[in-house]
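See below for the structure under consideration.
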Amino acid sequence: MIVIFKNSAQPEKIRRLCSEFEAQGLEIHKIEGRRANWIGLIGDTSGLDPDLIRAHDCVEDVKRISEPYKKVNRKFCPNDTVVCAGGRKIGGGHFAVMAGPCSVESEAQITGIAESVGKSGAAFLRGGAFKPRTSPYAFQGMRAEGLELLCRAREKTGLPVVTEIMNPAHIPLFAGVDMIQVGARNMQNFELLKALGRQKTPVLLKRGLANTLEEFLMSAEYILAGGNENVVLCERGIRTFEPSTRNTLDISAVPMLKSKTHLPVIVDPSHAAGLSWMVEPLAMAAIAAGADGLMIEVHNDPPHAKSDGAQSLTPAQFDELMKKIGAAVQFFGKAME
Amino acid sequence: MIVIFKNSAQPEKIRRLCSEFEAQGLEIHKIEGRRANWIGLIGDTSGLDPDLIRAHDCVEDVKRISEPYKKVNRKFCPNDTVVCAGGRKIGGGHFAVMAGPCSVESEAQITGIAESVGKSGAAFLRGGAFKPRTSPYAFQGMRAEGLELLCRAREKTGLPVVTEIMNPAHIPLFAGVDMIQVGARNMQNFELLKALGRQKTPVLLKRGLANTLEEFLMSAEYILAGGNENVVLCERGIRTFEPSTRNTLDISAVPMLKSKTHLPVIVDPSHAAGLSWMVEPLAMAAIAAGADGLMIEVHNDPPHAKSDGAQSLTPAQFDELMKKIGAAVQFFGKAME
Amino acid sequence: MIVIFKNSAQPEKIRRLCSEFEAQGLEIHKIEGRRANWIGLIGDTSGLDPDLIRAHDCVEDVKRISEPYKKVNRKFCPNDTVVCAGGRKIGGGHFAVMAGPCSVESEAQITGIAESVGKSGAAFLRGGAFKPRTSPYAFQGMRAEGLELLCRAREKTGLPVVTEIMNPAHIPLFAGVDMIQVGARNMQNFELLKALGRQKTPVLLKRGLANTLEEFLMSAEYILAGGNENVVLCERGIRTFEPSTRNTLDISAVPMLKSKTHLPVIVDPSHAAGLSWMVEPLAMAAIAAGADGLMIEVHNDPPHAKSDGAQSLTPAQFDELMKKIGAAVQFFGKAME
Amino acid sequence: MIVIFKNSAQPEKIRRLCSEFEAQGLEIHKIEGRRANWIGLIGDTSGLDPDLIRAHDCVEDVKRISEPYKKVNRKFCPNDTVVCAGGRKIGGGHFAVMAGPCSVESEAQITGIAESVGKSGAAFLRGGAFKPRTSPYAFQGMRAEGLELLCRAREKTGLPVVTEIMNPAHIPLFAGVDMIQVGARNMQNFELLKALGRQKTPVLLKRGLANTLEEFLMSAEYILAGGNENVVLCERGIRTFEPSTRNTLDISAVPMLKSKTHLPVIVDPSHAAGLSWMVEPLAMAAIAAGADGLMIEVHNDPPHAKSDGAQSLTPAQFDELMKKIGAAVQFFGKAME
């Protein structure tokens, strides 16, 4: 860590601050430039808060040299983590497609879609029981009942189930689920992350709408620090000034995350653009950029879905897409799970 | 609501969709232009989901004409709401300053700061007991014990207390608090918003880092729709590309929110920039733009605070600032609460 | 176009505004809803300025139904435009790779790189003679001399040349160039766009750092409206809050632009991330998303380049990459130019 | 400057790079941490390009310690610059209001508005002759004729004139103008900046839509480096995800710029929001935040203006506003020019 002092800093204050660092076991390298005067701190600086150092009135700025995350850091764990959930693998060359409706709406609907996406080659069934909706007047999901219907669909099809949680108090309800999803709006719901770190079901963590990759990794770090090492990261589009797509898929996030962490990284092309016709090109781009999987919305009757119709594929469109996905995954050197 | 059809849309599909709208009690106005073909829907469209309409393959786009929020809408409630909490008023000409440390750290610390900010003229004591931190390795707050210390500081000083909640399960712990804060990262934690709508303590709702004003108002709508009409909105800076400040204070949000809603709007200049020396100019700008209050971080020893030191004022700096705030509030026609 | 009136609008003012629209030959459809009162305008509204309509005090908002661009609009020209430059084709199934250094530095350098990238299969030589640099103290390019060196490299290798223009007064100097590039910072340099519309050399137009796709298309419209229909669009990353990459490649822009316009769309993976190791995954993603070409920086000695070293490939790395590009272009159904 | 090496860096490569730095006269401080290995460079690093250093394959990252700008840097010139143009002063306590229409439309229009805003207390007449418009089909300004009309309005009213330039070739036409404006879209039109640095008329430089404050200062540095020290900076709103205002006024830019540079800083509340009713609160916020002036659009008949009607005040509204501006400027300790 680098601490840069103000030109006007009193030497006495700098000395006092340096003593504090030394008392914490850090080694100090003083460097005096013509235009700037700074120190380098050597040792374990992960516990230091740059903001608190900036609060000293002799300090102009503070810069981190090493990453603030540990357990998710590829530097300390160079091999790809392979996450197993419900018997399926993600990462380390295993490419998994998760497919299903935005919301679970009825037993017939979810089971029908599960059978269909399973036949097309999906590795997981996705479906929302607890739904985060911008409007209090919109459909809020079937909640606990939806979770039961998902489990019944799994019994019929053998497809493991991934579904979203919104409240730490609901964890017991998710006992039968194969992978618990944390949605973009809850990426920094730290109470939820801590609770998920204390249980063992694998977690699918979606990137927040306006969160940096470092913040994303720090949220994953919460779960690993709690003891749960089965985390899959999902890029699903970030918020930018561009209005023609609902979000902007940050495709660079895929190679960047894979360079920074050993965790698997998947992409959600459905939420990224919010447009069903754009799912295919974005899915292809995700595979080409090195993703370990895809999460795709499929609905038997998109215009009458209870949510997110505009971005859902029909089962027939999904089946067609899966043929292309299979070929592209092979072309880019991974194996369909 | 406007529904625009594709040039290639089959007339039969348009007819079928129009029948669905009519079955929902909506009146339809068909309009055929040279370059676009569209309909206007008249009636209560607040229950329609534009996304689902877009899922019809004959539809090119959908545009809302009226706002999706009702209870927070100034159109339906033109007079300013005055929120009362712990005997203090916010809104309708009453200007309230909330001040205190980022985190409650000890009884001596919080009581000392409370006495000091109270003497300087603050209307509320702020202080975090449950702390949302990016890093799992950072100080996470004193939690329940912090809430108790806040209440003791209130007993000594008479200052009502505002503090942040992160988990709906903690609501009983907040029974003694005068105003419950929802932080930026939880603005779309809908489970929390619903729970806060079902209880009566006033809520201070902070704008999310990357949320539009419409989304902000929809989150407030969740609380009002649940039955709690005592909501204060807080602009605290949004995420942009500019790196020199931690966030970018969206000062236009103040007049825009006040035109759209009857709820009071305050500004947090401490979190907006993350720099203690910028609190004063931003506080002045907020008053000038029409804000109903300010939330300001004050710490007795910023460099040794357990969080957010870089943006905290000392009690002496805050006292100095309060004189300027008092004068500016009067100049711009409001009264200090 | 839709014009929405304020609830408080005086009927007389609405009537007067409607008469103005009728005087412009537009047909008016009046629609009165319970919560909003609005009109639809039918006819050629491309000359109307929504801002001026908003200036009427009876007007609450204005929404466009049809696109403001004409000549670049795929609706009016459904077939892909194939741009030919220096004997090479881009678009309509022809995939072109443009490669070369950020800056032309010497005859030996540019000719050497040209020979090398030509052998690897590049269709065009890129190289900057006039350099837009953030700092006045950075290398500003060899200017006119650089253009001469590019032409000499073309003589030796047969590779057509694409290079950036920054000033309309320089157009005569670019007479020998095969394709003139407009950089991101000049995307809305309308004087330059107009001048390029009046001449015949094909134009490579890069998207501005913070420009919407609609603005991008309007800038292309400037060139086509001037009489030059040979325009290639280039997505090169937009500015977002994410700091780990220099810009954020907007991969969705590729399919979105190709749906809106008949012009070819290429991608610059070098500038998008600013990191040489990320050129490959982003190039693959661009091909997979449907791009018609790539622009890639190659330098014989990146650490000693006069600009943009961090994102340049060496000739050997580029040669390796071109094998993968060739295979991917074929896999996704296009032909290398 | 700090250079951080990869863990995998070969010592030989680090040694070679260090020799290059030493050959440039820089002193090197080597620091080896447990998790990172880096050097500090001491000496004049303003000519070093961090990108080129990053291109060395032993380098992981590079961080600047000191600012890349010199002549605009307040560190080297602590006193406020007062810019004089047409006999009026801006900066150093002098607060100047520039007012007038977006576009010059006729002699009667510009002279009428000039008389009116002059009576209300404006220090400068603004008006566009060359207009940057997103659409090639929109009114492009009266160009040279517009400049003449501005000069005639100055003769009648004595108000100095500020107007926008878009092309370095037009500088001779601007000979009679008192202050030359560079619009947001041309903030990084470096050819134009260089040309303006070589002449003596004061320059009003607007911040680009998506440019950081550092880039803004570097563009000003271009003009000062060329020899023209009379530069006024103007914050006019940046591009964000928020759709309710045209841009987001970055009010923090005012105190931040004033801390970094000695140049005067003004605010354009008309373009920032694009809404005439929001000009007043944003103007007040700008004064409160420490701005040295305002640029405000005034039109005699906003709905029939040739551009930007929605954000223009009428002369009567402006007159009313100027009374409030005068009082606020005095309250915040500056003097109206």
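Order of writing sets the chain letters: A, B, C and D. Residues in each chain are counted from 1.
The working rule: a residue touches a chain if its C-beta (ideal position, glycine included) is under 8 Å from a C-beta of that chain, and two chains touch if they have at least 3 such contacts.
Since the structure is predicted, the reported quantities are computational estimates derived from the model, not experimental observations.
Should one ask which of A-D and A-C has more C-beta pairs in contact, the pair is A-C. The chain with its CA mean position farthest from that of chain D is A.
Note that among the pairs B-D, B-C or A-B, A-B reproduces the C-D interface, with over half of its contact pairs the same by residue number.
Inter-chain spacing, taken between the CA centroids of chain A and chain C, is 31 Å.
Mean C-alpha positions place chain A and chain B at a centre distance of 26 Å. One inter-chain figure worth recording: chain A and chain D are separated by 39 Å, centre to centre, where each centre is the mean of the chain's CA atoms.
Residue positions 210, 239-241, 243 of chain D are each in touch with at least two other chains.
Chain contacts in this assembly form a complete graph, since each chain touches every other chain. Per the touch definition, chain C reaches chain D in the complex via residues 46-47, 49, 51-56, 68, 130, 132-138, 140, 166-169, 185-186, 188-191, 193-194, 208-210, 215, 218, 221-222, 225-226, 239, 274, 276, 302-305, 307-312. Touching chain C in their complex are the following residues of chain A: 210, 212-214, 238, 240-245, 248-256, 259, 272-273, 277-278, 281-282, 284-290, 327-328, 331-332.
Residues 2, 4, 7, 29, 31-36, 38, 40, 42-44, 63, 65-66, 75, 210, 239-241, 243 of chain B are the ones that touch chain C when the two sit in their complex.
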